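Presented below is the structure to which this report refers.
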Amino acid sequence: MRIVYTDNNATTKVADEVIEEMLPYFGQFYGNPSSMHTFGDQVDKKIKQARQRVANFINADPNEIIFTSCGTESDNCAIYSALNAFPEKKHIITSNVEHPAINKLYQHLQKKKGYEVTFVPVDKKGLLNLDLLYDSLSDNTAIVSLMWANNETGVLFPIEDIAKKVNKKGILFHTDAVQAGGKVPIDVKQVGVDMLSLSGHKIHAPKGIGVLYVKKGVKFSPFLIGGHQEEGRRGGTENTVSIIGLGRACELATEHLPVMNTRVRELRDYLQTRLLEKIPCSSVNGDLDLRLPNTLSIGFDAVEGESILLLLDREGICASSGSACTSGSLDPSHVLMAMEVPFKSAHGSIRFSLSHYNTKDEMDIIVSALVPAIEKLREMSPFWKD
Amino acid sequence: MRIVYTDNNATTKVADEVIEEMLPYFGQFYGNPSSMHTFGDQVDKKIKQARQRVANFINADPNEIIFTSCGTESDNCAIYSALNAFPEKKHIITSNVEHPAINKLYQHLQKKKGYEVTFVPVDKKGLLNLDLLYDSLSDNTAIVSLMWANNETGVLFPIEDIAKKVNKKGILFHTDAVQAGGKVPIDVKQVGVDMLSLSGHKIHAPKGIGVLYVKKGVKFSPFLIGGHQEEGRRGGTENTVSIIGLGRACELATEHLPVMNTRVRELRDYLQTRLLEKIPCSSVNGDLDLRLPNTLSIGFDAVEGESILLLLDREGICASSGSACTSGSLDPSHVLMAMEVPFKSAHGSIRFSLSHYNTKDEMDIIVSALVPAIEKLREMSPFWKD
Amino acid sequence: MWDYTDKVKDHFLKPRNVGELEGANAVGETGSLSCGDALKLFLKVDENEKIVDATFMTFGCASAVASSSALTEIIKGMTLDEASKITNDDISDYLGGLPKEKMHCSVMGQSALKKAIADYRGIQILEKPGEMVCECFDVTDLEIIEAVKANSLETTEDVTDYLKAGGGCGQCLERIEEIIESVKAKG
Amino acid sequence: MWDYTDKVKDHFLKPRNVGELEGANAVGETGSLSCGDALKLFLKVDENEKIVDATFMTFGCASAVASSSALTEIIKGMTLDEASKITNDDISDYLGGLPKEKMHCSVMGQSALKKAIADYRGIQILEKPGEMVCECFDVTDLEIIEAVKANSLETTEDVTDYLKAGGGCGQCLERIEEIIESVKAKG
């Protein structure tokens, strides 16, 4: 069956160019980059190249790039590093719509480690309450962590403005840019964040590789303790193949950025317009403008997300409801709840997230499949006629 | 140039069979295993298969297997989990010849977190002082972590006996089996350890994938906090491709285990005999019997390791001095120092570590290259004539 | 993703007996919009207390739909006495099993049926007191506290053995552990 | 692995002036077996204090051998006064640069030369007091403490700017930071 893949915020296809770049490093150039022989050294050189490519992608210096095993590790590492840098500070700040890699970690720190946590709320459009954020900054604040783009709705936070204000108070600022990478331009020098997380598998590199950018001069303490890899900032033999792949993926992401903002955005807008037109009682979640160009979160009243997804699945269409991480839970996504999306449409919210591989044709397939699916489910819903 | 790769304790070639198994999961079946669509679900099924294969490899149950990003993460995770399980216990035990993933972590816990640490010493053959180990067990001990096989010398610790004694006192026992995997049989049910670490890239899977085995019933707390992956025991999107590769590598490792103990052991012994014969004032580090079949650590008086390695490198021979992790340091490996190997031969110690890909022919190439190299260096050494 | 049996898939894609039932003389409702799962069961019961027709309307996931559909098929033709013995396991068995994360869907079916029967007989069912802890098996905190005290239960596994609670999706295990510990703390 | 220049590789693989020098009238030794690096420098100095021949014996890594070899080439033909001005940078420059982790090898050359000259002139060189902190640049804890106090240095970067210490392999940075903090603590 033809697959229509519109779940790119969950994960992406590894690009052919990336596979090609990686392949020789499995069975042919498999040396350990730390080794005292040319065979390992050539891998080390290739990793240096990859580090430079990743640095270029976000306008950082290569030695500001630490390779990690995923976005989650980057996020965890950033927060723990900040807490170690300021052991006397016991207050930390984030939003109430973060990915579990930050949200669950903050909850853990609150419940088990005695930290005072401010979860800054968002409004109905998913935009951050900046007044509350700035009011909560204090001398006791160790770190502020806010996502650049929301994985479920695509809503963007004004990271550059926030970074300036937070830095002015001498407080560390981290941003989870896992969903922003490859979709909006990132320039760390301009934005001035202290730390920034990326994940490879959201930008057509493999799963299981991440990046933590740490600004020069920001005190850092390692999360994984072991060998001297990553200049002593992360123990563990380097994931050479994936690092090399990520380097190439970053180059490609830069190339494709204009396409994201034009063709992909048009596709998303086309899909959005058609669905709103054809399906009554449907509504877009999140601000329409301050939003990633590839993401559409749309709620359908009186029906439930899993059922919709399974009907789409039968037509080969891949999408998601809430984040790919919510499993077994009956609660609708914490992001939509934070935005006070009514239960009626929150439960029936579907996220379509596109990439440059998508076509208009595919958008039409989605519309044709979704219209009867929603109809069918509404027919059996006790809440539809109300 | 022909490469003679005898640095398999540093890292290994990814087996062709493993590459073949992995390849379709980059660009073809790239779905997220957590997704609500068949496209992601087929990856989930493949990961289940891999988990079963890894479990079979060490005779565990699949739900006792947690995939991590490397051996170092497995080690760190095991120790932190134990400390979280017993927050009131402030004493931890290990040996003085562990890999930095344990050694540096214990030092960190000692220096920065107020833990009392017992580093149980080894004797001149690298064998653990069991009396001192057992004497140091106390009600205050949170965890004992001891490596199954030493990465530099290949010396084996009697893990089964130790696990029994430690368990009898109700103390958690972790073993770093990163170097044991694929070289000696591992049966967790028989050995009875609570936690055990493995790393993929030592057994012909890619770098950047590890395993932490956690015995059913052992209280566990996650190290990486985030999504619900690995049944809530490790956040972060699964490194699908490498997990799938690791599953296959575990099958292959089981197949090759007999070869390790026969042909590979014979090659190692042949190399050892020839070198001792041809090069005066050379000596093997570590117990000759209680040793991995693939490892030879051999010291040459009055010469320095890096110089030897570079001369070997010119002949395409890959080996290592100390661990691949010691970089920039003038100190000889902490393992050889702990064994009280005299400086005279410690600095000139080289580790050859074989795999089933090696041939007798290659052993002869090593001997022919090493004999004149040592001679040349000794001629210019101020310590040779003494 | 869930491993749904072919039976579950079939009942989800082609649900039997969907819609309001004209002339229904017994209705049972359970769940709510906020829960993400809701079922409205309609029965037509004849003078011999035999269920001559049954339909449903469901809001929820695939297994909620399939469980509802299965339930109506199972009970059609039964007397109310027979139907009142139907348990969630019967529904799950009929479908060839449900993923453990989805056991609560069959519980929902059982609960709607109980309410419909009570509705017919004019009995009022009291809401269980306490706070819901295990949605999968419909167990409240008060029930858990009682069981823990009465049987000196020590672990979440003990609680699951006694009450089923926690034996489904596992979402409630942390809460169960908290309850055990608070009971222990109070001695 | 180190990025050695072709010059370093060449001097490692084909070292010039290896061996004991017959008739040497000045010898300088530095390093030791335990250090992992040691150099013995032999000079033949004529009546005009001109170095007419120089050889070395080295135990150590490739850059130690190359630095020694380079040193002998540099100083042959120099007067002792000229030679005494040779610094580790001159050795490193001659080789087209050394990896920062290996700067200490050139320092070792400079130090052996100083000792050989002192040997010829019959001067005794006192061991520097204190404990070695930075092997790369031969800096002791006492020197660092003094610099930190005198100039109110705050960070390891400050120390590196003043004393070079820490600007090589970086192994000593942690120790330098400890020293700064202990000075600060004592006020």
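As written, the chains take the letters A, B, C and D, and residue 1 is the first residue of each chain.
Here is the rule we use: a residue touches a chain if its C-beta (ideal position, glycine included) is under 8 Å from a C-beta of that chain, and two chains touch if they have at least 3 such contacts.
Predicted, not measured: the structure shown is a model, and the values here were computed from it.
Asker: Could you tell me which chains are in contact with chain B and with chain D alike?
Answerer: Shared contacts of chain B and chain D: A.
Asker: So the centre of each chain is just the mean of its C-alpha atoms; given that, what is the distance between chain A and chain C in Å?
Answerer: So the centre of chain A lies 37 Å away from the centre of chain C.
Asker: Find the geometric centre of each of chain A and chain B from their Cα atoms only, then give the gap between the two centres in Å, rounded to an integer.
Answerer: One centre to the other, that is 34 Å.
Asker: How many angstrom between the C-alpha centroids of chain D and chain C?
Answerer: Taking the mean C-alpha position of each chain, the two centres sit 80 Å apart.
Asker: Express in whole angstrom the distance between the two chain centres, defined as the mean CA positions of chain A and chain D.
Answerer: 50
Asker: Where does chain A touch two or more other chains at once, residue-wise?
Answerer: As it turns out, chain A has residues touching two or more other chains at 35-38, 40, 306, 310, 327-328.
Asker: Please list each pair of chains that are touching.
Answerer: A-B, A-C, A-D, B-C, B-D
Asker: If you look only at chain A, which of its residues touch chain B in the complex?
Answerer: Residue list for chain A touching chain B: 3, 5, 7, 10-16, 18-19, 26-27, 30-32, 34-40, 68-73, 75-76, 99-101, 104-105, 108, 199, 201, 206-209, 224-229, 235-242, 306, 309-310, 312-313, 316-321, 323-328.
Asker: Report the residues of chain D in contact with chain A in the complex, numbered from low to high.
Answerer: Its residues touching chain A are 1.
Asker: Which residues of chain A touch chain D in the complex?
Answerer: Against chain D, the touching part of chain A is residues 35-38, 40-41, 44.
Asker: Quick one: in the complex, what on chain D touches chain B?
Answerer: Residue positions touching the partner: 12-13, 15, 18-19, 29, 33-40, 56-62, 64-65, 101, 104, 135, 169-171.
Asker: Write out the stretch or stretches of chain A touching chain C in their complex.
Answerer: Spelled out, the residues of chain A in touch with chain C are 302-304, 306-307, 310, 314, 327-332, 343-344, 347, 379-383.
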